[in-house]
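Here come two complexes built around chain A, the first alongside chain B, the second alongside chain C.
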Partner chain A sequence: MTRTPRGSGVLWLGALVVIALALPLVVTSRFYTDIFIRVLLFAFIGVAWNLMGGYAKQLSLGHAAYFGLGAYTSTILQIKFGVSPWIGMFAGGGVAMLASLPIGAVCFRLRGPYFAISTIAMAQVLMLLFLKFRDFAWGAEGTTIPNLGNSPLMMQFDAKAAYYYIALALLAAALAITWWIERSWMGYYLVAVGEDEDAAAAIGVNVPKIKRHIYLISAFLTALAGTFYIQYIYFIDPNTAFSFNISVEAALVSIVGGIGTLWGPVLGTVLLEVTSALLQSWLGSGLGGVQLTVYALILMGVILWRPTGLIGVLTDAYDRLVNAGPAPAREASLDG
Partner chain B sequence: MLTTVAQAVVNGLLIGGIYALVSIGVTLIFGVVKVVNFAQGEFVMIGMYISYFLASRFGIDPLASLVVSMPVLFVVGVLLQHFLIRRVLGLGDMPQIFLTFALSLLMMNVALMLFTADYRTVQTGYTDLAIHLGPIYIAVAKLIAFVVAMVLSAVLWVFLHTTDLGRAMRAAAQNQDVAMLMGINPDRVFCVALGVALALAGAAGSLLMPFYPAYPMVGQVFVLMAFAAVVLGTLGNITGALIAGLMMGVAESLGIQFVGADSGLIVVFLMFLVTLIIRPNGLFGGWAR
Partner chain C sequence: MADALVVRNLSKRFGGLQAVQDFSFSVAENETIALIGPNGAGKTTCFNLITGYHRPDAGSSVVAFGRELVGLRPHDICAYGLARTFQVARPFGKMTVLANVMTGAFLRDRKVDVAREKAREAIDFVGLTARSHTPAHDLTTIDQRRLEMARALATEPRILLLDEVMAGLNPAEIDQAVALVGKLSTRGLTIVIIEHVMRAILAVARHIVVLDHGQKIAEGNPQDVVANVDVIRAYLGTGYVNLPIPGDRPC
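Now for the complex of A and B:
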């Protein structure tokens, strides 16, 4: 959890909000706006993942399942029933929550690495099912979203800035939810489960219930991202909607930024997406594999040298600046 | 009908031998070092590329290149344990999962940069040969792969049960603290476990090469299959992994035969998930984790 002093914290937050709101007014290039939207979207997915993966340490590698369910629910509702994606988005969230119950019932039987693997299997099964169901969801070819021009009620806009503000609102909401959970009884229960499930159960935490609840929230938020992303790129197919890369990136941004912290996923996304954009402008799109190679190296570096992530680096630097030395016996923001 | 089923079962068993080799490696590492190696499939990929380059540059038969791929990957395994995995032992799930996961990501993408995404195949004298047993057709390359895989598994079993080092590994798997008290050096045992597991993955790669294309992401197929088999066969149980690996091959093959060409994985994953629901500890009891 962030430990900046109260007063300066509010100032920082205010400055950040002003910058975030003003950014599309200052930077109008479509190229940069696209990068900002990607940053906001993946930060949002990371924050959603981090609620479960970071605080409760249920390291899912299958969040693409909910991203895809959200994306497909709103798209099917829109194309087959003419329902606005604004409604479809929340319907998708509902579907994801419903799906998280049986999926959680199965996967939570396993712990640690095997929990992670079982979530991969779940997301893969869903992707394979959508690849098979041709008449129901367009099969492997996928479909384009009909372009209605500027149609805010159908979540379609001419101006990229509109997408920016939607993504920003999603991220702000997810951060607010995380902030609130961090300070509620639920936050303490989650951290207890994350530190030691058996010990948490022994002191009376209803571990299955708390896991189920956080999974519901995390799945719901991830599904919203799915709808937004498909509306943004105007195309859906199983390989996009259930892409393993979504699951990976959700976990990656959180770990690189600082797992189990409010701002970790945001910092991690900024670092990774900026790196990726730089690589792309240097190398063009010619050399496949470079981006993920760099991601993998960053991830390894974080795990081997800085398990607290970027946020750990920054708080250490802050302490050194302010206190001229590491703070004595500062409570660690991460176990281990 | 019966012939179709028998044919599917035979095909499944043959490829299941390869799944078994990969699964045994995963379960060996998990049993001894208590780490799940997400990169195990990528070492199969390395084994394949070693055999591919030896075959295409020097005309060496992929089966003969076993004597290169296995020792090379044994050394890689020892180095991997010594320089990377050792540093995250005892640090909890997150570093352990994501270190090998990052390694897998790294290896796939470096392979993509070095070798491109092209499928590489090796044509051998026996690639298209087949034996006919009545109505059943057995591809020679797959049969050889299966037989060698079973021989290697048997050798591993003998090693674990009759040699001092093998007994030390089993002791460390059962109770590390007591094993250390008995004078077993855990670092050495862990290094050997990683080395043996990766050598098996390399062997799987070389055995696959006569009938299976090599490409950078090829390991994903095998690792997902192996994870399912390892859970089904009870974590850490080597005989369990062997049997479950063969079962996975048969399940996949029956799925392809009766549900559709792209359904093999669905059947395997469903089997995996059903196992989790009814027997989360796997078919062979043992400890839960």
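Now for the complex of A and C:
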């Protein structure tokens, strides 16, 4: 039901892909490449969060749990057993999926803000556990990842562009999964659960089951991001891996960009991460807190003026320009 | 005709309140019965007990087409062919009408094309075709009720529990709703309807069950029930003389 003809959508997507692929070839500055990598990574986490938090409205603030489990699983496998992070990445995804079952069993008993609080608690508990795990996880000190030079098989590269392409591939995969889910019965069920759990159950939606399934997928993807991030910064400790900021960021980029939409988290990340990174570098440490203030202002502005997120602003503007008519409500267009 | 739904000794106590007590009734296949009674009599609680939203107390039994439903969860009960609507319509507001109904249709077939076809049919049936692409939260009250019915129909139920589908409608809309319930019945559905609009009840139901303080105080054909002294005292009021009264009640 989008008014945009199919052809123009493909065209836009094609242009975006070309730009994304060419970017590291054009912009070679390590500083900007670093920003791009962070944008892609957080967009990826946002997309993973959005599957559950956006479509099914299960506002988790504890996705750091899976980020951390992914990071620790691959790092432990790599340092103690010499397993490549490429394998460790998916092992971490598996661990995160397993962990999501008991965590979901506890947290999904609660609804709304209580659910959010319980997920925070779960992530914090995991962080505290890893602070104590000195024998097999280096406790509070953390550890550095041994630098093997350029070693693609161990996910280590000299060129920053390599990390860029990995993050891009992750994001593309997450977007493809979301795109597919959005169009299948599962997308309808998720939105129905997000709108009204009781009404969904009345028409045969197995609410606990669908929540469990989407949590598995979301946890798996978030864990991949954890592995990648640790490989990128060459360091791990519980405060980094289970950082509350990760959980908040995952939710915020989706909320700012457009919750429960395919491109919302990407848009939100581009705005928030780029602004915050640029402000930080321009202002330096002299005016500490300014970038956080701007960050907060953006957030307040979006929530006040556009509670459905920036994606709504963009599609409205696009429709006005291209179709010269009022835009159909995008979030209401889920009717295949 | 065989009984579609048999409820025996249905009881539920919430703390100190006996919401429903030893309530029994049965509905024959393709019959429409009405459940009436004053506010707080336990009518909606009955629906919640039958459809698995509350767990009935020990000793209760709800059998649909020979299958015991007590202990099953709402989505399982829906899968066995028992669909319900809610007293206050609960559409998925952000979705369009079509998407709402498709969500119901996915219960029987997970393929999007099939669900869309089935949904179109159900939307046609309730007369909401012109609103197919309207977000549900933009619908009028009667259209929301229509949507609830279409969504329930899309799950291909054999028994339909309608909870006050006519509350808040104006007289003309009530006529439309009555016609729709009649149409559902000709489609072969077994219907239990909770309603306050006496005019509508008398038009659709040939059997009425009256509930007061969680207990059945009368049941029978409409003429007898309306003349029943207990029913007049508990519910209809002594001023209830001859039909019809515009018994619409603000929602």
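In the analysis below, the second predicted complex is superposed on the first by the 314 of 336 C-alpha atoms of A that agree within 3 Å, B and C clash if a C-alpha of one lies under 4 Å from a C-alpha of the other, contacts with A are read in each partner's own complex, and residues count from 1 in each chain.
By our rule, a contact is a pair of C-beta atoms (placed from the backbone, for glycine too) under 8 Å apart; a residue touches a chain by one contact, two chains touch by 3 or more.
Note that the coordinates shown come from a computational prediction; the quantities given were computed from them, not determined experimentally.
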Which superposed partner A:185 touches (first chain B, second chain C, both, neither): second
Touched partner set for A:313, first chain B, second chain C, both or neither: neither
Which partner reaches more residues of chain A (counting touched residues only), chain B or chain C: B
Partner chain in contact with A:120 - chain B first, chain C second, else both or neither: first
Touched partner set for A:172, first chain B, second chain C, both or neither: neither
Touched partner set for A:79, first chain B, second chain C, both or neither: neither
First, second, both or neither for A:203, with chain B first and chain C second: second
Intersection of the chain A residues that touch chain B with those that touch chain C: 335-336
Chain A residues touching chain B - in the complex, by the definition given at the top: 57, 59, 61, 106-107, 109-114, 116-118, 120-122, 124-125, 128-129, 131-132, 248, 251, 255, 259, 287-293, 295-297, 299-300, 303-304, 307, 335-336
Of all residues in chain A, those that touch chain C in their complex: 1, 183-185, 188-189, 191-192, 195-196, 198-207, 329, 331-336
Residues of chain C defined as touching chain A within the complex: 51, 53, 73-75, 78-79, 83-86, 90-99, 102-104, 106-107, 110-112, 115-116, 132-133, 135, 151-152, 154-155
Residues of chain B defined as touching chain A within the complex: 35-36, 38, 84, 87-88, 91-99, 101-103, 105-106, 108-113, 117, 216, 224, 227-228, 231, 235, 260, 262-263, 265-266, 269-270, 272-273, 276-277, 280, 289
